[in-house]
């Protein structure tokens, strides 16, 4: 009995001591991935993901409480990059990428209140007081924050028109084969 | 020398730990989705099994048998195995965060991989010497790694196949494991004498 | 403006190329069957009506298995059956069975091959193991007695050969079949050697015996339904090579990898090891090398990979025949190498233009 | 080549490519014809790789043939000229000769029927001009690569000067079945083409020119050899007829025996590849001061009544060309370019552009449209692939949405030559999968760039807001201080005043 207790204690102590040393030697700093993930995010803090800003989303993704497909402005590209970073595989074909959308202003309704200008996280809307505003297509991330700010509903989201340069071959539709003795 | 070589081949192929003895099925099904993580898992398990076989032999012959504590065998063996796994986990986490992420829960679960404890106990049962214990463990672990790699390769290809919906995922993997086991039946009765 | 009709093409554009070499999957299968026909007809002649019945039953059940799976999945069966792959699977399986085996061997095998080994994995092109060999191994392990009942050649029309009705009785296991079978039962060369060796009799004595099986390249010996005529099988195989259906890599590598170790073994210890000719010309070696191992779906992509694959099949066959528990190892060897095919494909990719084998850009030549 | 490499080559000789039925004759042997001038020409502003040209004419303006309609815009672009004399009827969208059927901008020219050339100045001896001046003139003539890639030729010539080119490779391979426009050009304009090659040699400073011509064009080889007689720097090199011999890298390898490193260009190895058609266009630009306003187009295919090669002004509609040659039956597929790499046309009312080498009206039998079946891993595609890829593995991954997996198998090295789809017994649209994946990856790349740009903008905005706040605070503080100082001064003054008053 004594021998059993002693030997178990001894064993535990030896193993514990060894592991303690190993833990010191192989210590890993805290998750460095949050910063890396945050660097990938758009950084516009638009809040469409439901997390407080891009940093919050990055933390959530790193700890696994959010999926990599959480960011609508990032779209498939970001989801793919995040999945690669985290070393996980996802089926991107399922990601709802309804095509990028950007803000557009109905010029006949715009009253030039400048509210949207102040709201835009990327300074993509230009305009001065009492002047019709305009959206710079290249700068708009499609976060949609300006929509609610517009008092006259002149602001709306429109799909980016497909041009020859941006057209992508659709995935082949494979109808089930019907082989024949041809 | 040739005896050891035959022992290695026999443990790795003829009495394959997974496909013939049906030990270690948990990581076999769990970590066989990609060849890379399978290789990592195989190496980690090989390390654990070989080390555990050595450590448990020492424990058995230098502590348990002299003190007559045979009834503590499983308890102490698990203790040693758990410690080794903890050590491996730290090393993997430090050396390859990607592999650590990919292996996930299956890395600490090596502790409960029945192949590890099973091989240690078989060694005790067979009353093998130290070197033979080590080789036995190592050969089996190599067999485990080999089969895990083969299975992962097959499953990578299976992932692209249009498996009927009701069989997709785990069911077809088990069917596949069965067919692989069928193929390994070819080694049954392999006798180099 | 002339953009008025961004027409149908925009909805479903067709990518280049707008030409095709003309090959069809069903055509490939047809040609393989044609190459297989001589050896099969010889088997029919050699073993008579029971063999023909068994072949029909095996093929029928292979087709049934395929059709059943497709129907269960709610797909139309007939168009898929027309690709000929299920027929070929059943055919190859039948050729590897003992010619007078009972009907349920062929039926179970045919169903197992197409349902478990093929359709469960998604059908044509998706299976990871050769369906015919999976079925053969499953049968061998499940019904070892029925799968090792060999028959001495009893050609159609010769005295004592069963007629159509009698053949049906034998296949369906009816009255008198057992005694009939016992009367003509024989052993294969490999089986005989293995049995005698395990009884402690070396090859000098066992092969010198009065009833010892002999080697016959033409195929007039005991063996599987369509595996005995090495010459006819090789002729079919070589025809396939000339038709461009298969390349020489797998067959040559496989036969060489059986012959070379066998020759070395025989030279070292003739009492224990059969010679190379016996190894290559008996059992399923020839059929395996030309028709089984060359299965597109389960063999590697590249020529180099195919050499490795063939060599592996051959060497494992020899190992299992020599040291294993079974007298014949082709089916096991093929399945084992099928399992290794993804690994071979992974390791032996073709070199990409402008890159080295590891995929790094090549250094410009000085 | 290392020892291991030699061993592999022994096991697996590189039999790249395929040998499709070439269908080149009788169209190749038919004499060259000219398309009667159509009433309207639709001249696209983008007929080249790079940015669209900027129009410099107004609607209603009358122009002469060869007059500049739109000038090059940006570093990579090419000028567009009027293909005939007439009036600018419109500047707007027309359907592009592209499978998407999307529109692109074009200048619509109502021909006046005179086909009167503008005064383009007098020709000078190109060999008296400094090489950069030759390149400038080539640029001014709007010459682009006529092999199909339509890269602005002047840029390439300039690149040659910079990269110290020693060899000019002239691509007369024309490996695509059906097409014979280069064949016809070499037969009918061998002297002009050779002259163009000599001008290009002068412009790039290269020492020699190798003209690679597939050996299924003996007439062209003979004509070119005769024309090149006396110019030791130009060598006519017959090459075996095998598709895709006309691929820049493969022709280069065939002629020089070395491989172009991946991610590299032939210029890295001191060689520049140009098409024979480009050589002819350079000759026209330098000797005759004629900009590129027409080209030879092969009209071929089972549905064409009188197949052959036709001189077509840029901007003529495919419809006009087909009406000229006549149709035997309703074509099942209309293709611009060759059958292996050409693009499906959405309909007939699309313009012929500088890069249009052929118009094919294919019958249903020729187009060989079958429903795809499952891959049987026969690896025909692996052996056909001239680049050494595994098309079956790539397409399976793309079908499963695993684009990165396809990239790992070398998708980015794919040249979309179509050999794999051509030989596939299961008729899997492999090239379609690769097109899709490449487009998707490019879109992802663009999205990535957008994200990064957005991030910069956000940072800039944050900085601006901060600066505004800081400045506001500073201004406020300063005002406060000023006010306080003013108050103090006021107080002091009033105090002084009061004290004065008291004293």
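We just call them A, B, C and D in the order they show up, numbering each chain from 1.
To be clear about the criterion, a residue touches a chain if its C-beta (ideal position, glycine included) is under 8 Å from a C-beta of that chain, and two chains touch if they have at least 3 such contacts.
Because the structure is predicted, anything quoted here is derived from the model rather than measured.
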Pair of chains ranked first by number of touching C-beta pairs: C-D
Distance-maximising chain from chain A - centres being C-alpha averages: C
Approximate Å spacing (C-alpha centroids) for the pair chain A, chain C: 52
Chain A and chain B, separation of their C-alpha mean positions in angstrom: 39
Centroid distance [mean C-alpha coordinates] between chain D and chain B, Å: 57
Multi-partner residues of chain D (each touching 2 or more other chains): 99-100, 102-103, 370, 373-374, 399-400, 426, 429, 432, 435
Per-residue multi-chain contacts in chain C, two or more chains: 13, 15, 24-25, 27, 83, 122-123, 126
Per-residue multi-chain contacts in chain B, two or more chains: 162
Topology of the chain contact graph, where touching chains are joined (line, ring, star, complete, other): complete
Complex interface listing, chain A residues touching chain C: 169-170, 172-173, 176-182
Touch list for chain B against partner chain C, complex: 35, 149-150, 153-154, 156-158, 161-164, 167, 172, 175-176, 179-180, 182-192
List of chain B residues in touch with chain D within their complex: 159-160, 162
Interfacial residue positions of chain C with respect to chain D in the complex: 1-3, 5-10, 13-25, 27-28, 83, 85, 122-126, 296-299, 301-304, 307, 345, 349-357, 359, 361-365
Chain D residues within the chain A interface of the complex: 46, 96, 98-100, 102-104, 370-374, 398-404, 426, 429, 432-433, 435-436, 438-440, 442-448, 450-451, 453-455, 457-461, 464
